[in-house]
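Several structures are given next for inspection.
After this come two complexes, each holding chain A, first together with chain B and then together with chain C.
Entry: the complex of A and B
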């Protein structure tokens, strides 16, 4: 009797670990171990050279990081430009896409004819497979046969080389990204708006608040958590952009529209660049981590204040 | 009871596995990866070839796997092999991928198989020498067999040229510019050269060769990217979109170019022979095809220039494959490179059939009589140069592409300075191999 109860208690001790084991193993295998390997490999120059005279991997300390921040190095020139592009891209997507999503949510958060159709039309782009949508846009932006230039030409403009002009490609990719994501952000804002009780608006109306005051002092503060969430995921999305670039000029002439993760992807095929690929990945993860952590801290502060 | 049931299940499993292995031993499966770079039904064609091959070779099953673009194919194979996977047994990859794969020890030379043939020399010398150049190492060993090969050619809208009073295509750069300017209108570009969109090096090489200096040689540790000829060539390409004003600044995009040509929005284009069949089928005007015009390299008219392009057949082995398996793979490669299949492939797609005897084989022999355009690409082969390939090909090609893009888009105004900087980076990489 005693023995069996002791066995039960030791099993009970194991139980939680057994239950999380499947997840833990997956996280270890696919997250933790690769992350440590990335850090480790970023300190090495990969094996290279010919079959017979091949050189094994060589420990080089932080040399890979120095190279990717060296403007005159073949990888550094590309990395620095791409890093700048990624920041511009993130700021533009968040700075325009998020307010646009909020605006559309405000417009569609009331009774009006064809409400379902409007909501569907605006949300629809985020249902499309990204690579397909971007391919359609590549036709729209096409120099000689594209819809964008056909429209410009009806206004007497000679047309723009959307995907060929180094000053325009990044803008083209930003336009597609905002078009794709604004509807998705709208859904979060709509959900947030519908959680706000109608009563407080009625009460504030009685107190004489106009629509602008209601937006500034009621809607925005009450949407704060949704807003934070949307800003953080849109920043993270911006750093994970790959598919659009594959269809929209593959990073543009001379990397003028290239973004970090796509640069990593472009350099993965040749073994000699693996050290750089790992170093770039760490920088990428570092930036995303900072955003995610700041989100976490802001949320935590929000919780404790209540 | 429980135990007995478990034993039974295990027994059944073991039996099933044994049967599976037994049947696999009887039959050799050749995994064959192939890309497609044009709007042809490559999947359907390879399924047909696999059936034809299997009827003649019982005991061998061909498993054709479509792997996307050339880049996707290379990346798929590298990812599989670097991750310890099996990879393909044979594949079509860019002819310039040779050193990337040989360096990793993933492929084996076709030379071994050719040496073992009774008529090996005859087999190898049937291929056009220009198409062999990228498949041979610096010691003359053949690694890869030409398969879906191409070269850029000049397509021209013969109706538009005739309207403007030109009854023959331009044969040198001066005529090219003259005709292109005469045919440029607000609605139409006189000449589109697809150097925009990430891969200008191939088209650029046409000009470099015509200006008198190919950027590569037979030595995979040497690249000539900052010579006066190389600089003059890129400046000429840039001027097409600026001073000469016959096309968009920065060049045209690869996929847009044939579309604009077919829509009558471009009078002349540089494009791959791989699109010949499609363009001939879809055009509602008379399509003319000619050699790429000659540059300063040949005032006597012999300075034509174009690189070869397209894909070769590679054989994969890390040393673990049996003789029977290697024999099956080689038979499949021989079959695909036979005159019959090359003639069919060339006629169906427009790729240049790689061997001389294929051009005397049906259906290509009669096609080239009906549509002489097919023969132009073949005849241009006597003037073409090697496509860019060196050690660290992918990285160096990337440096060259980025440099060309920055010059062509006008970001780097001083072409010489940009190309000097690129050459220094390239020499830094190649120093390891010298």
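Entry: the complex of A and C
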């Protein structure tokens, strides 16, 4: 033992660094350096005019940010509408999807016949590609032959233009997202519920507590951590889920249902807009960072300090 | 009191059935529409099958994109991503779990920044990086941003730390080198964690669309989701929903079937994917 450790000792201190090097380099290359470059590039405008491709970009300070927050500017109009949509989309998804996930976890918590079937029914949308889920719903929402309008018509309603009416497209997108994500939220609540001891419920029902009291005074307080966690990650996700728009109206008429990351995606081939795209990405990173950082501070800090 | 509880239970059961039906309806109608004659409204004729059962939608969908090629591409994409991840993640997880070295905490924090600044939001800059590396429209370009995984490092570091250190000491006494220790002590005893990581990694990359769409141009390497996008865009022009639903089913079938077979593993793996 001693001999071998002495023989290795000259280079052994390098070992841990070699082990983490691949991960570290990849994270630097595809996460950290690009994040700093986004900040830098958001202060520049690509050169204009003929043969602009070879010319260096022009430093413009915070002008890109002023433009994207300027309602009268063409990119500002698009950005502000899209930013507002993104917030509505996130709040609605979280506000409806998370309670729905909790409700379904409560319904599926106890051991019961056909558990597999129930779990499949609720969770399978989470496993579909977003673009596949959206493709299914593009049929449901389609004008003439769609399921949504067929149902409305049986109630005597003439039907709605789900993906064409600028007041409706965002709602359609939100419905799809809730359907897709609620099952994913549910499994965190199921895991949380399983950690609550059965004895507590038995003791409380001996004391005469009904199921509703048990939910309000036992389950909910004991699930507080899980609930907080799911709310934080669901917000983080909401700002990054945009692929469904590809099949659901591509942001709707006049960006009425556009989302931030999708607006970035739409402008990626427009070289002259790259300054704006980087500025928008900064806003997006900022929002995602706030939520993931609070997730980290709330749940993982103790974990890394051990 | 008792009666009230029974009533509540019944309400719960009814709600459960209603929610399950609502959630299953889209899949159910996707299957129905894929077998119906093209563009026949849902209300026309027999609510379930329309005027006849037909495979024409599948035949049409099969012509629009080279699905078997897309399948192969998706398999190469997720397998190539996962295999490299397994190596990078295991190495880093071991170092952070069991070694002491200068800068350990700060280096771990740097890696964890990946969770806070996901590469998915850095589309433009990563697109530029790939172009600068001359990797545009290659399979490597699809996979390389995912080869390092902070999630995997965290998950396995946690798992490795729960393995008794005595096992490692015993292996050292038997003369095992570092590679053998990691392989026979740590990897062998962490199979459930690896399975969880693999399921989350495979299903998330199998479903990915934006990055593959941006970073590739040739059909020869594009995955299934990009093929589905082509089908969606073709359908847009003529409202061929039967064909679109048939194509969608071709794309989603494997994951849905895998989920049916390994439900418990999927649910448990995804429950760990939040990392706490």
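Heads up, the rule we're going with is that the second predicted complex is superposed on the first by the 279 of 306 C-alpha atoms of A that agree within 3 Å, B and C clash if a C-alpha of one lies under 4 Å from a C-alpha of the other, contacts with A are read in each partner's own complex, and residues count from 1 in each chain.
By our rule, a contact is a pair of C-beta atoms (placed from the backbone, for glycine too) under 8 Å apart; a residue touches a chain by one contact, two chains touch by 3 or more.
Bear in mind that the values here come from a model prediction, so they are computed numbers and not experimental data.
> Regarding the shared-chain residue A:22, is it in contact with chain B (first), chain C (second), both, or neither?
Once the two structures are laid over each other on A, A:22 reaches chain C alone.
> Examine A:131 and indicate which partner it touches, taking first as chain B and second as chain C; both and neither are also allowed.
A:131: touches chain C, not chain B.
> Touching A:238 in the superposition: chain B (first), chain C (second), both, neither?
A:238 contacts neither chain B nor chain C.
> So, does A:223 touch the first partner chain B, the second partner chain C, both, or neither?
Neither: A:223 stays clear of chain B and chain C.
> Taking the superposition as given, does A:144 touch the first partner, chain B, the second, chain C, both, or neither?
A:144: touches chain B and chain C.
> Counting touched residues of chain A, say whether chain B or chain C comes out ahead.
Counting residues of chain A touched by each partner, the higher count goes to C.
> Under the stated touch criterion, which partner chain does A:122 make contact with: chain B (first), chain C (second), both, or neither?
So A:122 only meets chain C here.
> When the two structures are overlaid on chain A, which partner does A:31 contact: first (chain B), second (chain C), both, or neither?
It touches chain C, and chain B stays clear.
> Based on the superposed arrangement, let me know which partner A:163 touches: chain B (first), chain C (second), both, or neither?
So A:163 only meets chain B here.
> Applying the touch criterion given at the start, work out whether A:178 contacts chain B, chain C, both or neither, answering first, second, both or neither.
A:178 sits against neither chain B nor chain C.
> Considering each complex separately, which residues of chain A are in contact with chain B in the first and with chain C in the second?
On chain A, the overlap between the chain B and chain C contacts is residues 142, 144-145, 268.
> Name, in rising order, each residue of chain C that touches chain A in their complex.
1, 4-5, 8, 12, 15-16, 19-21, 23-27, 29-30, 33, 39-43, 87-89, 91-92, 94-96, 99, 101, 104-105, 107-129, 144-145, 147-150, 153-154, 158, 172-173, 178, 203, 206-210, 214, 224-225, 228-229, 231-232, 235, 239, 241, 244-245, 247-248, 251-252, 255-256, 259-260, 263, 266-267, 270-271, 274-276
> Can you list the residues on chain B that touch chain A in the complex?
71, 74-75, 78, 82, 100, 102-105, 189, 196-198, 248-253, 256, 259-260, 263, 265-266, 392, 394-395, 398-399, 402-403, 405-406, 408-412, 421, 425, 429, 432-433
> Show me the residue ranges of chain A that touch chain C in the complex, using the header's touch definition.
Contact set of chain A toward chain C: 1, 13, 15-20, 22-32, 34-35, 37-38, 41, 103-104, 106-108, 116-132, 135-140, 142, 144-147, 150, 153-154, 179, 183-184, 187-188, 190-191, 208, 210-212, 229-230, 233, 239-240, 242-243, 246-247, 261, 264-265, 268, 274, 277-278, 281, 284-285, 288-289, 292-293, 296, 299-300, 303-305.
> Report the residues of chain A in contact with chain B in the complex, numbered from low to high.
Checking each residue of chain A against chain B gives 48-51, 72-74, 77-78, 142-145, 161, 163-166, 249-251, 253-256, 266-273.
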